[in-house]
Structure formats: structure tokens, C-alpha cells
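So, here's a batch of structures to check.
After this come two complexes, each holding subunit A, first together with subunit B and then together with subunit C.
Coming up: the complex of A and B.
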């Protein structure tokens, strides 16, 4: 199996994770989408020095991981490329913001360090929840949910097709690299002299395939709108889930539970 | 039901692929379209489906194939592509099968029933929830045929339906095709299959009709076939493997 096929397999693994069964998988996609949006908005709205308040938000993804049965390891493995980028965002804060914030024993922690940590945590939380959404909801269902929230059909279809065509392109690339290596044994990678034609071919071939795929859709009655398989209707319990979770997020946002609990113990 | 009137077509200017092609296919007829590689068989299909357009007139049930009538016409025609990889674009076989019926406004229950009936007819129940990129080439071909049958088209167009199939599945496809009441237009290099499934054969050569007539007349004509880079079907050749 070459690298491309691995990449392809990873993509399809998301589909497979999403096809599992669990209480989280069973929720209506719209409910999950709304809750994820509420969660991300809440997380982002935290004050940049409010690390303790923010850390309590970790509860939700941890619960989701537990209930959905998606391994945490898988999540970090899939996010291994984006995670460092997102985490790097706050890296310079400690340099610019040196005002002392709090003292832990004899160590003085500056505001910059706290805000760096909270930014990192924010990034991590948002990524985890987005991942969990993707891993528990098939892409089609997700698109259907977006449609139901009145996101323009064009955009949603674009999203869906991009997702599909990435697969098509990786597949073409996999076939081509295999064909190349079969005739260039012992070569590592693709020789630079072949890059031009290789890329050109890849583009043409993926375009051809995309074209055929698209005709195949047209021939089967596709016009502008996807008829999404509406896996699950939005039921009362879905409403309860959405409202309950959102209320909990708001509570965690405006009442510092960590501090309150700590206060109870100290007093 | 299908009528070509003086149709010509070229992909690139000056290199015509189809030249002044005229023929008609009656309701319920099963026609085999044969010819050497590059003779233009797939192109005929594309013209009929309105995927490419050339000069001349193509009629489906008396309705000309043009931009305004496309959706009306395509609804009647089920096309099995030469390359099944390009036909299946949903994650699972099942999702691919419900794509067309839902697009044509069938209810969920009716679609479900149709899908199950087709899968049973082809003996493919086992494939239903398999992932499209994880099934073999032959299985994919069978699934592609299933997605088209789930459309319940009035005419079935198949481009090389038996290539890449093992003998068992090939026979299954042949029997399935024979069982279809719809109008059929089938291209293939598998002349034995054509002989088994079609009453009439159109022999295409460099974009023109070289012969058109009853299948067992044309497919017996060794000289005609060999003149157009083909051979007698095995079952008629009287050859035996030593």
C-alpha cells in the first residue's frame, strides 16, 4: 500500500467511524451540529485569562468520547497535522505580555503564559469537538443538517463534492504512483524530471473522472440539490439534548464552577 | 423508441468520430452495438444521453435530445458506464442505489422496497452496506448495474457490462439482461454475450454503420466480422480447446 492509499484509507475511516452505532451517533445530525456550534462559540468567548473556567469545558468532549466509543487516540492521530498549527497560535504571548498574573508557590506566572495556555486549550477543544462531530455523523447527514439550517444549497453541495473529489484525486494519484514505481524500481519518490507530466496527468485524469462522476449524477436525476438521506428526524430528545447542552455551556461560561467547587472545599 | 437521424460528431475539429449515423430501435428491442476499439460505441451512448451533442437529430420516444428535454429523456434511460469507478460516487452501495429514486421523487419506503427487490434479483444482498471503495472490480460492476435497475428506466444502456466479471457473474448479468423487459442497447466485445442477449446487432466501424441486422446472421458472418477487426463468437466458431 503506498502513501496515497493510506491517505485515502484515512479519509474513508472517518466514514466508517461515522457509521458506528452509539447514543451519540443516534442523535439527529442537526442537534449535533447546533450543539457543536454552541460549544465552539462558548469556548471562543471565554476571557483569555480565564484558564480555570475554560478547563471545565473539557468535560463535554471527554463525555462524548466516552459515550460514542471513539478512541481518543484516533482523534489525536487524525489531528496530528493541524493540531500543532492551532496550538502554535499563542506561542508569542509570553513574550509580549509579561505582567505577573498569579504566583504558584514561589513561581510567578505572567499573563502571557496564562493566555497562551488558554488559547491552546481553546484550539484543542474546538478541534476535538469538530472531530467528534465528523466522526459521529456521516458527511451526507451533516450536509443535510446544514441544508436544514438554511445554508445555501450550492455551498453545501460544494462541500460534499469536495469531500468526494478529494477521494477521487487521491485514488488517481495512488494508481499513478504505483504505475511509476513498478517501472522505476528502487527509486525513492518521483524523479523531478517527471513532476511536470505527472502533475499534468493527475490534473487531467482527475478532471476526466470528476466529469464522468458528475455525468453519472446528472444521468440519475441530480439537479442542483442533493436529496440527502435524512437519517434521523429531529425528535423531542434531540431538542432536549441541544437545549440541555447549550444551557450547560452557558452555565459553565458564566459561573466559574471550578472556583465555586474549590471555594466550597476551602471554606 | 430511439432514433438517430444523420448524426455526426467530432471531439476535436476535423477528426470526426461519428459520421452520418442513422438507425432506430423499437420499443422492447434488444440491440447489441459492436465494433473495434475506438469505433465510437461509447460515443453513441454519450450522444444519446445528451452528454455530448453533435449534428443531426436524436429522438427518444419522439422527443428530440436537447437541452430543454434532457431531464425528461434521462429519466427514461438507465446507463451503466464502462468504468464503474466513475459511476459509484456515494460511500456505500446502498446510498448509491437510493440516489436516483430519491432524485425522482420516490418516497423513502418505495425506494427501500425497490432497492431490496433489485438486490435480491441480482443476489447481491450481501453488498448492500459495503463501502464502494472496498469491493472488487466485478462486485462494483454488479453494484453499478443494481443502481441503474433501481431507477426502473424504460431503456437500459450498458457499456461493456460483462468486462471484468468472472464466469459466474457474467452469466448472472446475461440472465439479468435477458430478464429485463426494457429496451436494451448494449455495447460489448463479448460477442457470445451479445448473441445471448440481443436479437439485433449494429456493427460500427470508424463511426459508420457497417452492418445492421439479426444477431445470429451478423455474428455468423466470419468475413464481415474479420473485416472489422473481430472474430466469430466462440460458440459459433466451432473451435475447441485442444
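Coming up: the complex of A and C.
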């Protein structure tokens, strides 16, 4: 299976997950989007040494995973893209920041280690929440939510159209890549002699097709913007969810619950 | 070069959102004014193609490794800077939403680093001037145009990638995420992206030359008239000049970063008074500013303090420093496990009921 087929599989997996039914899937996409943004903002605003306060934030995605029934495995598979850069940046912290932070018995943990761990945890938490948003919301529902939040219609329509064609184009290129490799065995990638023509030919064909596509859209009555049917209204419970979650995030941000809980046992 | 949410402070992320959002707003306005909105399907199809095309492995001759294409220059050469910019935004959004490449909050920064430079700087400062220039005119109309396309693509990709990499360093450092000194971080990022930019430029050049040869009318600003110009310059000389220009322009930032980081740091932080640096949230110790005043200050500090003044001195900020914090985190983990067990229990129960 080549890279593009893997990407296609990932895309269809997300589509399938979004088509499930659960209390989380049933929420209005606007509420989910706003809550996700509030969560991410809260998580990244934590002090880099505040690992224990940050750890409490883990409860929200864990709860969402359980209520929505989305498998965590799919999410962790996506970590392979995010973690390397976060780790590359964070790995230097233990080297440059050696000030002792915490003594656990005889082990001294430096500030750098704490900040590296909290950076990695932040990366994980943000990824989980945006993954959960996309795994419980179909793309057209999300686009409708974006429209409601006054994101320009042109951009939203472009996102929706591009998403539709990403599948088509990726499939086409997957087939082309397979065909190329069958004709050129033992080559790792595209040879320099075909650098231009490989993508160029598909590009020319597709741009012509796009013209026809636009004509056909016009013939079917397209006029500047799409109309989103089957759009969930923003109900009172959606509002309650958004406000409640945001308030809880703020509370966890300013009150260190982990510290307080630990304080009950250790003094 | 996709930044994750964790690498940005909320203030930096918001600033980048405003910057990218403004550029997007201006682009949309311009497209609507020119009635280019009808190009929407073309933009979508091309964006989808670039998205998929980024996954193609191009073998770099003579090495075992492979390169990838960069989208910004290609899209703006085909669609124009505004439409190219919007297409890049959409590509980055899809990568962030469905492939976790980047992050929801970091999207503004990613758009700026990868789309803004590639589309606007690459188009207005490199692509368009070069397409209208008299460079390589001695090679004949068509060959000259082809050479200009190659030169513009390579220089464009190298320069815009250097700018992008520099922005990544700047944004991460301003967010106070890494302890890595600014100069060292730059010395790490810029040379890597110089190599990446060169390869990406060559791939972009290959695709654009192919388009030029088959359908020149698709390229923006490409001159299709047979402008016979009498400037004499041999092919060999032009290639040498081309390589030199690409290296000088692209390498300039890298060399600045790797050999003389202090110069740039001085430009950024050194000449600002203490109040300014504090207002910007820049910790001079973290950035390793080299100036006479800073040196004296550091020398005094070295004598007086055994340990540098890290946050553990003031006890209110790092709340996670005590043992109770660790114990509390463990309890949180236990609660998380309990939630998982409860979820599993209810799901099993529901599945049994369904049977």
C-alpha cells in the first residue's frame, strides 16, 4: 500500500467515525467547535512547569472518547506526525534548563524535564481534542458551523469542494504511482526525467475538467454559495454544553485540582 | 514545518490568526472584485491535486533520498497569489483537521509560514518581477522564458522556505516554549530548509516548465509573445549566475544564522532597552543576548547566584512542584482509568441489550 492509499484510508476512516451516532455526535457542530477551541486555548495557556495542573485536563478527552465510543487507537496513530516536531523542540529543555524542580526521594527532576513533559502532554491533549471534533462531526456539518461563525462563504465552499476532490485526486495519484512503479521496478521514487510530466499531465487534465465542472454546477443552479441542509440548530442544551465546558476549563486552569487532591493525602 | 498547537502561546497564535485572516480577507475581496469567484472549482481541483502531489516521492539524483513538492509557488503561478493563498489555506486546514498535521490553533501561524510567504512574497517579489525581467533573454524567447521559470521557482521556494523557517523559530521563541537559544534554534532550522527549498524549487520548476511547454496560457505572467531581445549571455554563464543568486539569496539567512547568530539577536533584542524586552515577553537570559551590558550583568549574576533565577524561586507560579502535585496527577490518572472502565462497562451492557 503506498502513501496515498494510506491517506485515503485515513480519510475514509474519519468519515466513517463521523457517521456514528452518540450523544457527542448529536451535539451541534458549532458548540463542538467552540468548545474545542476553548479547550485548546486553555491547555496551551498553562505554565510550562505546571504539569500537575495540566494533567487534570486529560479527563475531558478521556470522557469524550468514552461517551462517543471513538477508538483511541486511531487517534494515537496520528500522533506520529505531531510528536516528532514537538519532541524536537522539547528535547532541548532538559539540556538547557537544569534547575532542580522537584525531589522525589533521591531522584531530582529538573525544570527542563518537567517543561518537556508538559509540552508533550499539551501536544497530546490538543491532538486528542481536535481529533475528537473531526471524528464526531462530518465535514459538511463543520462547514455549516464555520458559516454560522461568519467565516467567509468563499473559503468554506472552497474547503468543502477541495475536500471532495482530495479523495478523487489522491486515488488518481495512487493509481499513477503504482503504475509508475510497476513499469520502473527498483526505483524508490519518481525519476528526475518524469518530475514535471508526472504531476503536470494530471494537472492539465484536472484543470480542464474543473472548467466543465463549473459549467455543470451553473447548469444545476449554483449561485455563489451552497445551502446547507440537515443542519442541526444551536439549541439550549448546546449552549449549556459550551458554557459549562468552558467554565470547567477555566476552573481547572486557575484551580490546581491535582494539587488539592494530592494535598488530601500527602502533607 | 507544520507547527503543532503545543508549540504556540495563545497570544502568538491569535496574532498569527489575525495576520493570516487579514491576508485571507483581502484576497477574498480582491477575487470578488475581479469576479474571479467563478474560478472556485479550478481552485478546489488544483488544491486537491497539490495536496495529493505533496505525497509523491521524487528521487533526488545521486542521493538515496527523495524530495517533495511545495505548494505555494506552484499554486500562485497557476492561479495567481490570492486564489493560490486561499487554496493553500484549505490544504493546510484539511491536513490539520483530518491528518493531525498542524493544529486547530496553530493554523493561523501555519498559514502565515507556509502560504503567505509562498504565495504573496513568492509571487509579487520573485515570480512576477522575474517573469517580466530581461534575464536569459539571449537564449531566445522560449528557452529564456523556461530559464526564467526555473530560476523563479528555485529562488522563490528557497527564499519563501527560509522566511517560513525563520517565522517558525520566531513564533516558538516568542511563545517561550523552548529553552533552546534563539540563535542555536535558527542555526538548526535555516540550513535544513535551505536544502529542502532547493529540492522543492527544482520539483516546482519541473512541473511549471511542463505546464509552460504544453499550455503556456495557464501560467500567470508568462510572456507568450516572441520578444526577440538582443542580450547576449551563454547558457553556461546564465546557469552559473542562477546558481550563485540562489545560493546567495537563500544562503544569506542561513549563514547569518549559523555563523553569526549574535548579529541577528542584537538586531532583535540587544538594542532594545530592558522595558521593551520585558513587554515583548522576551527573557534576555533565554535568548542569550550578547552585549556589553548583558555580559556585565551576567558576570555579576554568576558571582552572586549559584543557580540562575528560574521560576522555582517564586513559589506561586509553578504549582506542580510539590509532591502533592505528583500524587494528585496520579489520582487524576486513576479517575481517567475509572472513566474508561465505566465506558467499557456501559458499552458492553448496551451491546448485550442489542442482542
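The rule is short, and it goes like this: the second predicted complex is superposed on the first by the 215 of 267 C-alpha atoms of A that agree within 3 Å, B and C clash if a C-alpha of one lies under 4 Å from a C-alpha of the other, contacts with A are read in each partner's own complex, and residues count from 1 in each chain.
Heads up, the rule we're going with is that contacts are C-beta pairs under 8 Å (C-beta built on N, C-alpha and C of every residue); 3 or more make two chains touch, one makes a residue touch a chain.
Keep in mind that this is a model prediction, so the values were computed, not measured.
Enquirer: Is A:213 touching the first partner subunit B, the second partner subunit C, both, or neither of them?
Expert: In the superposition, A:213 contacts both subunit B and subunit C.
Enquirer: In the superposed arrangement, which partner chain does A:221 touch: subunit B (first), subunit C (second), both, or neither?
Expert: First partner only.
Enquirer: Who does A:136 touch here: subunit B (first), subunit C (second), both, or neither?
Expert: neither
Enquirer: Is A:154 contacted by the first partner subunit B, the second partner subunit C, both or neither?
Expert: In the superposition, A:154 touches subunit C alone.
Enquirer: Comparing subunit C with subunit B, which touches more residues belonging to subunit A?
Expert: C
Enquirer: Could you look at A:35 and tell me whether it touches subunit B, subunit C, both or neither (first, second, both, neither)?
Expert: It touches nothing on subunit B or subunit C.
Enquirer: Considering only the touch criterion stated at the top, classify A:16 as touching first (subunit B), second (subunit C), both, or neither.
Expert: After superposition on chain A, A:16 lies in contact with subunit B alone.
Enquirer: Return first, second, both or neither, reflecting whether A:55 touches subunit B, subunit C, both chains, or no partner chain.
Expert: The answer is second: A:55 touches subunit C but not subunit B.
Enquirer: In the overlaid three-chain picture, which partner chain does A:166 touch, first (subunit B) or second (subunit C), both, or neither?
Expert: Second partner only.
Enquirer: Report for A:242: first if it touches subunit B alone, second if subunit C alone, otherwise both or neither.
Expert: A:242 contacts neither subunit B nor subunit C.
Enquirer: Quick check on the output: what are the common subunit A residues between the subunit B footprint and the subunit C footprint?
Expert: After superposing on chain A, subunit A residues 139, 164, 209, 213, 217 contact both subunit B and subunit C.
Enquirer: Can you list the residues on subunit A that touch subunit C in the complex?
Expert: Residues 3-4, 7, 10-11, 14, 36-37, 40-41, 43-45, 47-56, 58-59, 62-63, 65-67, 69, 78-79, 81-82, 85-86, 89-90, 92-93, 95-97, 99-102, 104, 111-112, 114-115, 118-120, 122-123, 126-127, 130-131, 133-134, 139, 142, 152, 154-155, 157-159, 161-166, 168-170, 172-173, 177, 187-192, 195-204, 206-207, 209-211, 213-214, 217, 224, 256-263, 265-267 of subunit A touch subunit C in their complex.
Enquirer: Quick one: in the complex, what on subunit A touches subunit B?
Expert: The touching residues are 8, 12, 15-16, 138-140, 164, 167, 171, 209, 212-213, 215-223, 227, 229.
Enquirer: Under the touch definition given earlier, write down the residues of subunit C that touch subunit A in their complex.
Expert: Within the complex, subunit C contacts subunit A at residues 2-10, 13, 24-25, 28, 31-32, 37-49, 51-53, 55-61, 64, 66, 69, 78, 86-87, 89-91, 93-94, 96-101, 103-105, 172, 176-181, 202-203, 206-211, 214-215, 218, 307-308, 310-312, 317-333, 335-336, 339-340, 342-344, 347.
Enquirer: Quick one: which bits of subunit B touch subunit A in the complex? Just the residue numbers, please.
Expert: The contact residues of subunit B facing subunit A are 49, 51, 71, 74-75, 77, 79, 81, 83, 85-87, 89-91, 95, 98-100, 102-104, 131, 133-134, 147, 151.
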